[in-house]
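The next part holds the structures, each set out as structure tokens.
Shared between the two complexes below is subunit A, which pairs with subunit B and subunit C, respectively.
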Partner chain A sequence: MTFLSGGFLLLVGGLLIIYYALPKRLRYLALLGGSVAFYALCGPKFLPFLAVTVLSVYGTARLLGRNLAAQKAYTALHKKNLPKEALTAYKQRQNRKRTALFLLGLLLNLGLLGALKYTSFLLEAFHAPWRVDWVLPLGISFYTFQSIGYLIDVKRGKYPPETNLLKYALFASFFPQMIQGPISRYDMLSKTLYEGADFDWDRLGRGLVRMLWGYGKKLILADRLAPALSLLFRAQAAEYRGSWVLLGMVLYALRLYADFTGGIDIALGVGELFGVTMPENFDRPYLSRNIEEYWTRWHMTMGSWFRDYVFYPLNVSKAFLRWTKGLRGRFGNGFLSRLPLYAATLLTWLATGVWHGAGWNFALWGLTNGVVIILSLTLKPLYDRFHGRFPGLKEKKGYRCFEILRTFLLMSLIRLWDCYAGPAGVWGAFSSLFTTWNYGQVAAQLSALGLSGAAWAILLVGAALLLFVSLKKGEGSFRRFLDSPWKLWLTAAGLLLLCLLLGAYGPGYTASDFIYGRF
Partner chain B sequence: MTFEQLLDLLSDLHPEVDFLHAEGLIDNKVLTSFDVVSIAAELSETYDVELGAVDIVPENFNSARALFALIQKREDE
Partner chain C sequence: MKANRWIAPVFALVLAAVLIWGLGLLVRPKYASGITLEGSMVQNWYDHAGEGHQILFVGDCEVYESFSPVTLFEEFGATSYIRGSAQQLMWQSYYLLAECLKKETPRAVVLSVCSLRYGEPQSEAYNRMTLDGMRLSREKFEAVRASMTEGESELSYYVPLLRYHDRLFELTGEDARYLFKGPELTFNGYLMRTEAVPFTRLPAAPPLREAEFGEKPVAYLDRIVALCREKGIALILVKSPCLYPAWYDEWDQWLTEYAQKNGVEYLNAIPHMEEMGIDLSTDTYDGGIHLNVFGVEKYTRWFGTWLSERVELKDERNDLVTASRYGALATRYERQKTEGGRGA
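Then we have the complex of A and B:
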């Protein structure tokens, strides 16, 4: 079952009726039942894997919470009658116990994810004589990371663990976020997940508009582009070089944006129908002025996960701080003293790449991001000097447009790792951008991609509309526009009509999976 | 560490920002994740104040005063 199936719409519709028919305190159970049903319909064989994660993380978090509470009580009781050293030693002992427990929970879940996701790739990479053909449970990367984030937060004492197993199970398995996120944090999601929202036509309308906006992006733009891009990026597509690659980069940027943000719009819209607020995952990323900014605006929940749970802990770990100290003592504050920061950046990006999937392309995609970020950090003094000579340039509209275009092209180049098989394929496509000059051929043979004139017109208008909404959203006027009920329902009706008239669906058509559903 | 020393440290990173009055340094993306870890490294090296991963949350870095309160807390421990 996917967001695009009729079964999904039926499930959401049925669940809405049950949800609002139940007393408020029981409504979360309807969401849990719906989530289990959704997951079982996606593949009943995946349920045990989800259950292992839910039970192990719930149990570990409860034990961590119990230990922390006992430590607090003991410290409060003996604060005055025990020497400070004895209390410190007691705290250290408890901390060691918690670390051991935490590692157990972490390794079990990371081990499960790692085994299912990477065994096949590793066996092949190391030329092992045997192979495995394990199916990856739907959304395992998303729900595992969401659960690990929760476990780390409980271990850090950020909040107490959830005591109700069913409520925890709902947090880990809430169905709209199972296919491609967002990766929620417990302290944020739990605010609305369990409270049982009152029925509200206005919220229902907003949820529907958000869903239909997502369906529109997916069905009208992303899926319309999918066959053309398969043709452009297919293996050994030697004839599609040079400007074809450039065209492919731009079209893939549009498809990925429409596909991924569309899926997230649907997820967030479904959540809104039930009064559940999930975190936003995008903040108009293609308007970013540099790569660092881009990664705070694209797939934000994944980026902040790696930042908070990998990048920061690595950098402030005793080993890294000692390393920095040593390098500064020997080399001063120059490039070499920043080696630990660069190493942490590369490790974080390698992990981000590998999180996306098992394959050299994913790892190299992550490392390329890390290298570009490090380069931009290293060159910052030069950049600052340049702007010192031309004060005010940064604020000029033309220069801002240049920065946005530069970032868009840079990110599109890095995405070549998504599009072509293996380093040789990526290099062949990349180098042809500078060696094969065939703009004329591309212009003359556009129809070879199988897109009609009408399809190109729809794509152009769609892209322009996305840009327009992005620019308007910045001023909040789009949200204000939907404050009026008749405008809200008219927008919903208009979007539904657009999806029905222009969407790629129906007999003989197989909807392409969401790109991020693979991860 | 004094508050003035912290202001100097922050100003070295972003001379254009008035850290004495600025709020929402993380929320408004004035400080990046690289700035945050640079601050943590500097505090550790020059002032012997060690921040843990648990300390690196927006609330502690949104203003110079919030960061100073955190530093004082860690110094007292």
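Then we have the complex of A and C:
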């Protein structure tokens, strides 16, 4: 079952009726039932994997919480009658216990994810004589990371563990976010997930508009582009070189954006129908002026997850701090003293790449991002000196457009890892940008991609509309526009018609899964 | 104000439903020209449903390109209608017949047995040509369920916009002209062809894989037999004089035994072609696969005689209303026969 299936819409519709028919305090149970039903309909054989994650993380978090509470009680009781050293020793003992417990929970879940996701790739990479053909449970990367984030937060004492198993199970398995995120944090999601929303036509309308906006992006733009891109990047990749690669980069950027943000819009819209607020995952990323900014605006929940749970802990770990101190002592504050920071950056990006999938391309995609970020950090003094010479340039509209275009092209280039098979394929495509001069041919042969004139027109208008909405979104004018119930519901009706009329679906189209659903 | 919050959503819902319906009407194929005129035939029956036909023909091209209701009326005074469409499968014939019998009770039902060869749904395009024209009913619902090929969307049979939205950029004047009502291209279900392409040679018949027909078409044949028996209608199973695709002796034998066992008539018209006077150098429009209007008239005359020996037919030529209706039909029929072309 995907967001695009009739079964999903029926599930959401049926669940809405059940949800609002139940008393408020029981409404979260409807969401849990819906989530289990959704997962079972996607593949009942995957339910045990989800159950292992839910039970192990819930159990570990409860034990961690209990241990922390016991420590607090013990410390409060014996604060006056025990020497400071004894209390410190007690705390260290408890801390070690919690660390062991935490590592057990962490390794179990990362091990499960790693075994299912990477065994096949590793066996092949190391030329092992046997192979495995394991199907990855739907959304395992997302729900595992969301659960691990929760476990880390409980371990850090950020919030107490959830005591109700059913409520925790709902947090880990809430169905709209199972396919491609967003990766939610417990303290944020639980505010609206359990409280049971009151029925509200306006909220229902807003949820519906958000969903339909997502469906529109997916069906009208992303799925219409999918066959053409498959031709460019897979079926006839060797023939489409030079300017075709450039065109492919731009079209893939559009497709990925429409596909991924579309899926997230649907997920957030479904959440809103039930009064559940999930975190935003995008903030007009293609308007970013540099790669660092881009990664704070694209797949924001994943970026912040890796920042909070991988990069920061690594960077401030004892080993890294010792390493930094040692380098500073020997080389001062220069480039070499920043090696630990760069290593942490590269490791984080390697992990980000590998999280996306098992394959060299994913790892190299992550490392390329890391290297570009390190380069831009290293060259920052140079930029600063340049802008010192030309003050005011940064604020000029033309220069801002240049920065946006530069970042867009750079990110599109890095995404070649996502488009072509194997490093050789990526290198071949990349080098052809500079060696195959066929820039005059593309316009004349656009129809070779199998898109009609009408399809190109839809894509152009759709892309322009996305840009317009992105520019206007910052002003909040859409939110104000949708405050009127008539405008809200007529927008929903209009979007529904647009999806049905202009969407690429039905016979002749192969329904494309959401790209991030693979991860 | 809060209490009226439901008005905007309900209005938007109704508006969306009306527009989806209207746009569906606009984009659905009208089958008014080109090579798929057959797609318009199923819906035409609704305009004739109250006429009370004596003979109802049901089936694939072996009825709608083999029998002429105009000839039947002129020669025997019997009123008739052909509820046929391209590659109409046995279960589709059953549901179309069941729908017809809710409105009329003919004296005889003539069923083409050619489609018994198909054990499973064959093609989405042919399904559409048969089922899109059916009005919403229990019969349509069940026919859709029985006919869908793998990967088809059931909902799209009831919401045409889901299936035909891609035609938005291919719309022509015909789509506006036939927005609410499709063209009437047949003569009581007979799709006329006037060209003559002589028979030369047909591909050799492949070896027969199964001497018996599939479980599914036979089950629906049983249901047709039961339905006709229940309504007291004579059922005639017919294999028209079409030479391709091959009709095997084993199938002929099976149907002979089936007809005897169930007390219905079975006619294999192929051996009677000489008796009918069919000349394959002039009476076929596609080299022997289907008959043209001249072959159809010969076959219809012969069949009318054969049928009147088995079923009591009423001569309605003296009925003023019926005669006037068939007179108008015959005028159109003769005009097309003279002018040539396909459809009306």
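Methods note: the second predicted complex is superposed on the first by the 514 of 519 C-alpha atoms of A that agree within 3 Å, B and C clash if a C-alpha of one lies under 4 Å from a C-alpha of the other, contacts with A are read in each partner's own complex, and residues count from 1 in each chain.
Operating definition for what follows: a contact is a pair of C-beta atoms (placed from the backbone, for glycine too) under 8 Å apart; a residue touches a chain by one contact, two chains touch by 3 or more.
This one's a predicted model, so the numbers in the text were calculated from it and none came from an experiment.
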Clash-or-fit label for the pair subunit B, subunit C on subunit A: fit
Query: What is the contact status of A:Ala454 with respect to subunit B (first) and subunit C (second): first, second, both, or neither?
result: second
- request: Considering only touches as defined above, state whether A:Leu377 meets subunit B (first), subunit C (second), both or neither.
  value: first
Query: With the two structures laid over each other on chain A, which partner does A:Leu500 touch: subunit B (first), subunit C (second), both, or neither?
result: second
Message: So in the superposed three-chain picture, is A:Trp201 touching just subunit B, just subunit C, both, or none of them (first/second/both/neither)?
response: second
Message: Just checking: does A:Phe311 make contact with subunit B only, subunit C only, both, or neither of them? Give me first, second, both or neither.
response: first
Query: Counting only touches as set out at the top, which of subunit B and subunit C does A:Leu488 meet: first, second, both, neither?
result: second
Task: Report, please, how wide the angle is at the C-alpha centre of subunit A between subunit B and subunit C, in steps of 10 degrees.
output: 160
- request: Pick out the closest CA atoms of subunit B and subunit C after fitting on chain A and give their distance in Å.
  value: 36
Task: Spell out the part of subunit A that touches subunit C in their complex, as residue ranges.
output: 6, 201-202, 204-205, 452, 454, 485-486, 488-490, 492-493, 496-497, 500-503, 505-508
Residue numbers on subunit B that touch subunit A, as the complex places them: 29, 32-34, 36-38, 40-41, 44-45, 50-56
Query: Which residues of subunit C touch subunit A in the complex?
result: 5-6, 8-9, 11-13, 15-16, 19-20, 23, 124, 151-153, 155-156, 161-163, 165-166, 168-169
Message: For a test of understanding, state which residues of subunit A touch subunit B in their complex under the given definition.
response: 156-158, 292-293, 296, 307-308, 311-313, 315-318, 321, 324-325, 328, 340-341, 344, 377
